[in-house]
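Pasting a structure below so you can have a look.
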Amino acid sequence: MKAAVKVRPEPGGTELLEVDTPIPGPNDALIRMDATSICGTDMHIYNWDLWARQHIKTPRIYGHEFSGTIVEAGKNVDYLQEGDSVSGECHVYCGHCHQCKMGNAHICENMTAFGVDTDGIFCEYQALPAQNLWVNDPKIPVEYLSLQDPLGNAVNTVFSAGDITGKNVVVLGCGPIGLLSITVAKAAGAAQVIAVGHSNKYRMDLARKVGADIVFGKEDDVIKEVKSLTDGIGADAVFEITGNPNAVIEGIHMARAGGTLALLGIFNEPVTLNLTDDIVFKCMDIKGIYGRKIWDTWITTNGLLKSKKLNLDPIITHKYKFNDILKGMETMASGNSGKIVLTF
Amino acid sequence: MKAAVKVRPEPGGTELLEVDTPIPGPNDALIRMDATSICGTDMHIYNWDLWARQHIKTPRIYGHEFSGTIVEAGKNVDYLQEGDSVSGECHVYCGHCHQCKMGNAHICENMTAFGVDTDGIFCEYQALPAQNLWVNDPKIPVEYLSLQDPLGNAVNTVFSAGDITGKNVVVLGCGPIGLLSITVAKAAGAAQVIAVGHSNKYRMDLARKVGADIVFGKEDDVIKEVKSLTDGIGADAVFEITGNPNAVIEGIHMARAGGTLALLGIFNEPVTLNLTDDIVFKCMDIKGIYGRKIWDTWITTNGLLKSKKLNLDPIITHKYKFNDILKGMETMASGNSGKIVLTF
Amino acid sequence: MKAAVKVRPEPGGTELLEVDTPIPGPNDALIRMDATSICGTDMHIYNWDLWARQHIKTPRIYGHEFSGTIVEAGKNVDYLQEGDSVSGECHVYCGHCHQCKMGNAHICENMTAFGVDTDGIFCEYQALPAQNLWVNDPKIPVEYLSLQDPLGNAVNTVFSAGDITGKNVVVLGCGPIGLLSITVAKAAGAAQVIAVGHSNKYRMDLARKVGADIVFGKEDDVIKEVKSLTDGIGADAVFEITGNPNAVIEGIHMARAGGTLALLGIFNEPVTLNLTDDIVFKCMDIKGIYGRKIWDTWITTNGLLKSKKLNLDPIITHKYKFNDILKGMETMASGNSGKIVLTF
Amino acid sequence: MKAAVKVRPEPGGTELLEVDTPIPGPNDALIRMDATSICGTDMHIYNWDLWARQHIKTPRIYGHEFSGTIVEAGKNVDYLQEGDSVSGECHVYCGHCHQCKMGNAHICENMTAFGVDTDGIFCEYQALPAQNLWVNDPKIPVEYLSLQDPLGNAVNTVFSAGDITGKNVVVLGCGPIGLLSITVAKAAGAAQVIAVGHSNKYRMDLARKVGADIVFGKEDDVIKEVKSLTDGIGADAVFEITGNPNAVIEGIHMARAGGTLALLGIFNEPVTLNLTDDIVFKCMDIKGIYGRKIWDTWITTNGLLKSKKLNLDPIITHKYKFNDILKGMETMASGNSGKIVLTF
């Protein structure tokens, strides 16, 4: 089978090779890929940045966002059938540690991730643990189904603030997860979804197409604008998806007292906060977000797909054939894209 | 001023009279009505049924759903100004009983309701307690603003099941509150909104126009259909807005194990339940719903109005001038209406 | 090994036999029993009532409440070791159905229960699915550890009403689960724990020893008393653990408006309710309770055991050697017992 | 009447003077003080630190923690009677701003505080807004009743982490609020309450007397110890009540992934955090806490007082007559005290 393999520990370093088709273990299922999308994590691996150097051993097939079709279920797996459409949660959890027993499998103490610690799905077939598979509704297009992992990040972030129906929310960042968060918040009936980009006009324009009620950029006094749009009160919830330290502080200042700031962005440096005024006296709730709740987030994500309220088409800016994956990587690296989906 | 007064303790018994304009007390505001809508409670009073005979003393100005404009604020009321657009919560709460202190002012131990226990707003001006007023966003049409009371019933019912974004829900009943519940659930991003009417084709057709994904009637095997639409699992939440004993039992059978049945409908007879199979073993959550949470429900309702996701136009089937209020009553009594709004 | 086997489909019908020691499968663990306690379910089987006749196939080893020590872990079970003290959740869940994926493994769509559908633990050794085992803190006495299943029922019931710290609660029923609920509510800092027995003086006396603030019996006007003890407001939560239809209605009348009635008791007949006054207008929340949340309830139960705030000693009224299990059954049948623990 | 008045804008600057007894307005009640306790805020005023210089205008009667008896209810106040025992919420809320309407009166946009912005209760009589009064259970000693304000701070902090029954919690700081938090967490059935002092042996000893399961000091490797006491997992919730920047970071490191850090302490300097590892990837929930929820916190606090599970006697280390208030201030300033209660 064909696979995109990180063969050399260097920027790029990826080749489309012919490799052996995996053989599923007794608790696995062998999946033929139908569609895959490129994640920011894949870009870290492609670009071979510090994180990738610390976490990835070459050779490694990467990629973890997909929808596919089961071609063979392992012998202990009687609840999945050949022909089932499935997607997968990339965080492989143990099921028996304290966090798993608490319902926090997404922060399992014994976690591994396929596409990072083990081979991923930038390839025609992959054998994955059956417990990590989600059976799809085959009526939903495979392009959408392949987005459930990043869409789940957005769902997990947006609903970390509780029920946001009728609430004023701000999305900081108009990258792929920011765009997905905008459509999730709109679909859930937020009173207003205010998006904040910085200077990438392409993505800010996408934010408008996706449905943000208003989009601000670096030239705007966003704190003042948000206050003005909320009768001076501030936003109920702010979703930080940039990793910019200033965005954290500004995000708090945009929020109302007693509001929520959810942090999904990754920061390359420490952030200095005025805890007294900005968190204690303001009764702020600051929440770190990671991955997707297993399977809570997937259930909500699928319900939203079923509702047909998500506006995903403007977010999928590029569709390529899997053979053109390197072109996809370069497009993603340009910053002028939303999600890039590869079909097989 | 003109007022619709229940003058005689009998069916109908309502006259449009010239009466004195009320004088606001120090904690009141005097409001000039802009729009009012007719509630089921008003129909009880009009029809002079058992409930009305037990609760209403004539002469009484009735009506409690409205939007209006402040013409004079009482002397202790410095936070409302002449010209403010307001609507009002009809349940006048004491603010100091245990339920009020718990945040349950809607079930205040010392409650009175205007339009029932005291004079209501089927009239040109009314003086109401300032604490019970909600300042409206003047950009929203007065017809919509006058619906906040029944819309709030729907919001309170729908969100009693928690966050229903991405969930499968059933609305039992296609009367005005049922129709409002359908649009609320759609606006909040429910996976599917399944409506169940009985035999009133007019209202079932309205349910479709409002946005129900599917509408069932008395000829359908609704339990089977709901199971089929939910992969055999059952609905996450069922909203009972008919007062029909059978609907309660069928509602439980449509719900999934661990689901919610919210009861807003009023039953004229006792209901016999198989608690063991239908509630205990099924881990059902049965919730009684009354009025609106003060002010939680109003905040969510306003956020939904702001989101522009509510489809209210098909629900407002008739608009009359206030002078034609008796025509409105008769139209409502026919069953062939949604909400009826009267403007001044 | 020795096992208590229901050998004949008739009342009693239980013999202590020598049978083969089970052989654990690859996902099981073989456990040597240290202590077991007798459940109401075991009494149904012993007495061979309607439920037992419908659900039990003889011969069957019954019993499901235990603590034991692992003597052999199946070959796929690397996270349990010989010598680990364990107890077990008797509801064997599939892990992949919708309810399991929602976190509702206790109402798994493919559930079986050991001690009912498969052989249980009234025997010296049993092989059980490793996924259903809970690793115990060996510092806690085995008698207490064997009670985690019924204690978990009590925990699940009591906390179904949310955080009951500082709340007024009523426990209807002074049988073993009622007694356990009393000590759980006291340990959680309930403002008052009011217990209601009927006419079993032995158990009402146990309720006092366990720590109920006050215990009422059939001669008391309990609704009036509860109102009086709560400044006329009613109890925040009522836990129904009798299965008596009248207790449901009285339980609602003891509760405050907006309160919770949790139903764990099993009713042999339908119950007729005034939904309008008692649920709708009263904003009651009626919750069916089954089993234990897996593993949420176990985590809280263990935390309570660790807190040393539970008063379990008065509840364990009888300790026998396993060989005397039939004596235990007879004692339990007399009604003059709390929990009966058998040690090996 | 006698009153402790901050007469001069300087450290100390407090005199016990004879002043006019206040006259209650129509919405007030005049209260004769029975007991008052000294708050950290009072020490700021006494010591005349930066905060006091910015917020206090002399002359000012300070003090806000009290229990008293109503001697006269204002003419609009029909629900309070002469002779009622009351305590008071010092944050005077407007009742009509957005935060008040959300149920967040403790962060009212138009807040004033008696004892800070207006005259407080270090005096024999005070007229306070009736809406801010809580009617006490006269069976509870006045010394305990006067502590409801700081006890409420502890309740609000501890329960910000959700229901902590059966959970492992850490209290950072053994000052008065830390001590109150320890007894609140114990009363609510926490699995373990781990207290962390620094070097004040007097207060660490109080922490033990109050009921902390273990108390650590500056010589201990607290992060390691907490991990060890929680099977390597970390604490479910950490309550920061010191205002020490290091405590925030250590608090996060003591917590488990997905845990809560509640911040009540006030920081005199900015705090630098590694958001990526310590909040985002760890899924931490950081919550700022201010005052008491009105009236949720008071209800829980009263329920706990009623439960008799709070161990307040060791926390009230000193009782003086009101005339000795300056001695109380000096004792508090020494650091060798818990709460100091003054009676009249």
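Per-chain numbering from 1; labels A, B, C and D assigned in written order.
Quick note on the criterion: a contact is a pair of C-beta atoms (placed from the backbone, for glycine too) under 8 Å apart; a residue touches a chain by one contact, two chains touch by 3 or more.
In this text, all values refer to a predicted model and were calculated from it rather than measured experimentally.
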**Message:** Same or different interface residues for subunit C and subunit D, judged by whether over half of the residue numbers are used by both?
**Reply:** same
**Asked** Quick check: more C-beta contact pairs in A-B or A-D?
**Response** A-D
**Message:** Averaging over Cα atoms per chain, report the distance between subunit A and subunit D in Å.
**Reply:** 42
**Asked** Can you list the subunit C residues in contact with two or more other chains?
**Response** 102, 299
**Asked** Based on which chains are in contact, what kind of graph results: line, ring, star, complete or other?
**Response** complete
**Fill in**
Counting only contacts in the complex, subunit D reaches subunit B at residues 79, 94-96, 101-103, 130-131, 295-296, 298-299
**Prompt:** What does subunit D use to touch subunit A in their complex?
**Reply:** 98-99, 102, 104, 106-107, 109, 231, 233, 248, 256-258, 263-268, 270-276, 279-290
**Prompt:** Which positions of subunit A touch subunit B when the two form their complex?
**Reply:** 159, 162-163, 165-168, 187-192, 299-304, 306-307, 309
